[in-house]
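Several structures are given next for inspection.
Look at the two complexes coming up: subunit A is in both, with subunit B in one and subunit C in the other.
This part shows the complex of A and B:
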């Protein structure tokens, strides 16, 4: 399946992947409205991790594992893997127990504390390629066929 | 302004931020290498210090909502035709510091640009034009010494004719473009990776500049010219044999007569290893080569390099376009150079005194015409190829240079622009916001060599296509047919003397 890969050497720590992710998962899909006017701003599914003042940085996103630990840990059956292999959360079913957050070895699941729902990358079902990949100005995120590693 | 000198307060640029569009993502804060932008947590707003802005436009380019616009500061001194704002600012700056004003990139001053006064010919009725999409069109260029005459003998065994004359080593370029000498140190390794990879894909050449060749780039050897400059950085037998050609750098168009200085802060472990100097030590290139005080001395170095490489590589000598360029070029040709590289006064630099960059040297167009004419008059034009650089902005300029007598063109500024440079002229600070002329690892990441190489390849392909169109329009099917063919050029708005120097007729004649 197609996955998002992070090229650490090319990540410039601009955090535009996060802006793209928030925008894509907003109601309007417009950055100004998503950040300033919509009642609830989505939480970014990717997070840029930085070390040594940004000399090392990379965007962490869900690996969509072949055998996802989050799925196994989910107590309510909210996390599902579809036929294409994409791991998504059904927010209706999520009870906010955070088991998936603890189970994920990549730290790729976020907590929406307000809604008490877990939050994870869905590979942007409405787009040809994920928003974070398209938002990256330096091709540090690449969307291509490959394994979870 | 509080805590600012008067000079700092007369800033060149203003940042206009649209608050309704600002989403507080802080991309501008992270991306500005000059710390112009800051986030005021208490008020949840972005602030800017206009006095620090250098106008590189990194922030406005990366702002996801287009909330930032960089404008030139409209606030003005009293209008004065003699004292421009730049002159006034420079005096203030020097009164503050007592130092030489540094700058970078090519001469931006308002001198005539001869390309804009030259027009190309095209076929009409009496000779047919050629469609480059339907017929083969040749841009391939060979650089090196050409024989005075060739002798062909009949090979009895094969029954085929054979070349008896031994040819001098030649550089083969699929496009008449070379990525100009910009040293590793002045540019970072990502930029060098991009140029080397692009040269390989294009079948052309990348010049290392004076900073040596990084060990990772030896694999691109077939597409590399190694440079030997007055500092001799990174020069070894292995280095000399790593590429397909060698260039002796005598001068640079942006700063003729001036040496180079890479500050110790920029000399990290990789640069130290490549240049073969201690980490953190200043890399100083003396103004002259201290072993070259005459044409005879130059000949010694040319032949020392040829000896070191077993006469397998053409040797180029790079000189800045200065007043007696034709006579100097003649001497260089007679000293045994295979290629003469002429760098015009619009050629770039990573750092130069502003007064030198803006006032020293002559335009490459005139220098090229003078050198080509002189070498032809002396009957030694075939002994050297001429490569020119400094001020070629598009394929039109390039093809005019070819018609004036150039064999190939050095791309420096245009290559940097292709990689993302916005000509802010601050390379000497080592804080290039586009990640090209900086060795700061946080900033250098901004140039992804893969993207850089793609853009360079695209640019040269695009110029190649355009040159083929122009050639086809003139009824020529090879660049070789245009080389030195000044009959295909006509001048508009030039004086009689200019036209004599350029060897072109006025339009209409």
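This part shows the complex of A and C:
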């Protein structure tokens, strides 16, 4: 299946992947409205790590594992994997126990503390290519076929 | 091929998926003594406390059984296994033949004999949907409850009752709550939060007698001599593998059903997974029951794979818990409270006033345990590093920094973890991953 890969050497720590993610998961899908005017700003499902003042940076997100540890740890059944291999979370069903946060070795599940719901990358089901990938100015994020299903 | 699965919780789901991945044709029969489809068992405290409704107890959509063509026998109890005839015996007298059998019966609450217990109406356990429903049913009549046991089950029962505005006292024999999963500071933070929310927590004491006339409870007397008035008692001392039905079957049962790395028991074509199984520990390799939800799924998956002819091996159970009490998040994993601290390197950070605490435990330069209270974001990176046995020597100073992440590790490790074939925690599937 297609997954998102990070080319660390090309990442400049601009956080535009996060902006793209928040915008895509907002009501308006408009960055200004999403960040400044919507009552509940979504949280980003990708995480940009920075070290030494941003000299090294890396955007990490869900790997949609073949055998997802998050799914196995989920006590409510909110996390499921579809036939295409995409791991998604049903936030209605999520009880905010953070078992997925405990289990994901990539640290790729975010806590929405306001809503007490876990969030994760859903590979943007309404788009051809994930918003973070499209937002990356220098192709540090790549969406392509990897190994396994 | 006739697959029979006894038990209908998460280990069964892991097994069903693993079987169907490999065998679309075989018959799968699932037998459960409970009357519900698979449900999120740890959600019973949310149900009791009114945080979720009954609809959200469902762990999977109702069509899961039809989709996987499962012959589901609910409210049916297995009373024995005839390994020679390859049949399981049901309470009603029926027998069901198997080619491959999975025992995933979970745990039964342990109820020690307590003086004055017999004949009392309002003594409950708290491990099933039925238990939560019973407690919820009588909730309007509860004035004061005593919960015996300050482990996860007891504290969650106490929290559920507290959310219903019931007055609750927890009585714990150890010197702190959550003594098995958490260390002292984490247990203290949780106890402090519970007390702030009106739950009494009594430690280093136990209930010796339940008082009251006839079926009614008037209170409990503690070993210390103190008397706590109450009308309801919840016994939450722990669970024991539900394996008594195997007596006389010849299948090896120690504390739980003893299994090998493929989850096979001492009986041919008979497997066990989940809380009833006694499988190898991740660190020591010694066999122990490990009643933990994610582990039950993993064991079920491995057993199902083996039953359907696959080859997968269990990497060993890694204890981990994520529990929230009154909005304080806590995650613990691995070795959190070593008996002999001199053998370990321990780093901690604490800000008890703000319910923040962090602890990492290293042994021979490997991360072997962690406790996180408050900020638990990205805790799974730690569980991945434990499972992957990454040498922490160059990074040990960074482990407690609030933004600890992959950039603190070496580029080489990152390249491995984030490569298309990479995965920190593969639960013993390294050989397979290496094939790509």
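Assume the second predicted complex is superposed on the first by the 147 of 149 C-alpha atoms of A that agree within 3 Å, B and C clash if a C-alpha of one lies under 4 Å from a C-alpha of the other, contacts with A are read in each partner's own complex, and residues count from 1 in each chain.
Operating definition for what follows: contacts are C-beta pairs under 8 Å (C-beta built on N, C-alpha and C of every residue); 3 or more make two chains touch, one makes a residue touch a chain.
As the structure is a prediction and not an experimental result, all values here were calculated from the model.
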So, after the overlay on subunit A, do subunit B and subunit C clash or fit? They fit
Review point. Between subunit B (first) and subunit C (second), which does A:19 come into contact with in this model arrangement: first, second, both, or neither?
Key: first
Thinking of the overlay built on chain A, is A:69 touched by subunit B (first), by subunit C (second), by both, or by neither?
second
Please indicate which partner A:107 is in contact with in the superposed arrangement: first for subunit B, second for subunit C, both, or neither.
second
*Which partner does A:10 reach: the first (subunit B), the second (subunit C), both, or neither?*
first
- Task: Please indicate which partner A:55 is in contact with in the superposed arrangement: first for subunit B, second for subunit C, both, or neither.
- Result: first
In degrees, rounded to a multiple of 10, the angle subunit B-subunit A-subunit C between CA centres equals 150
Max touched-residue count on subunit A (subunit B vs subunit C) belongs to chain C
* Looking at the overlay, does A:125 come into contact with subunit B only (first), subunit C only (second), both, or neither? -> neither
Rounded to whole Å, the nearest C-alpha atoms of subunit B and subunit C in the superposition sit apart by 14
Counting only contacts in the complex, subunit B reaches subunit A at residues 20-21, 23-27, 30-31, 62, 64-65, 435, 441-442, 445-446, 448, 450-451
In their shared complex, subunit C is touched by residues of subunit A numbered 3, 5-6, 8, 47, 49-51, 56-58, 60, 63, 65, 67, 69-70, 72-73, 75-77, 93, 95-107, 109-111, 146-148
Within their complex, subunit C touches subunit A through residues 14, 40-43, 46, 51-52, 56, 58-60, 293-294, 297-298, 301, 320-324, 329, 331, 333, 376-381, 383-385, 387-388, 403, 405-408, 411, 414-415, 417-418, 420-421, 423-427, 429, 436
Listed in rising order, subunit A residues that touch subunit B in their complex are 7, 9-16, 18-20, 23, 31-32, 34-36, 53-55, 135, 137-140
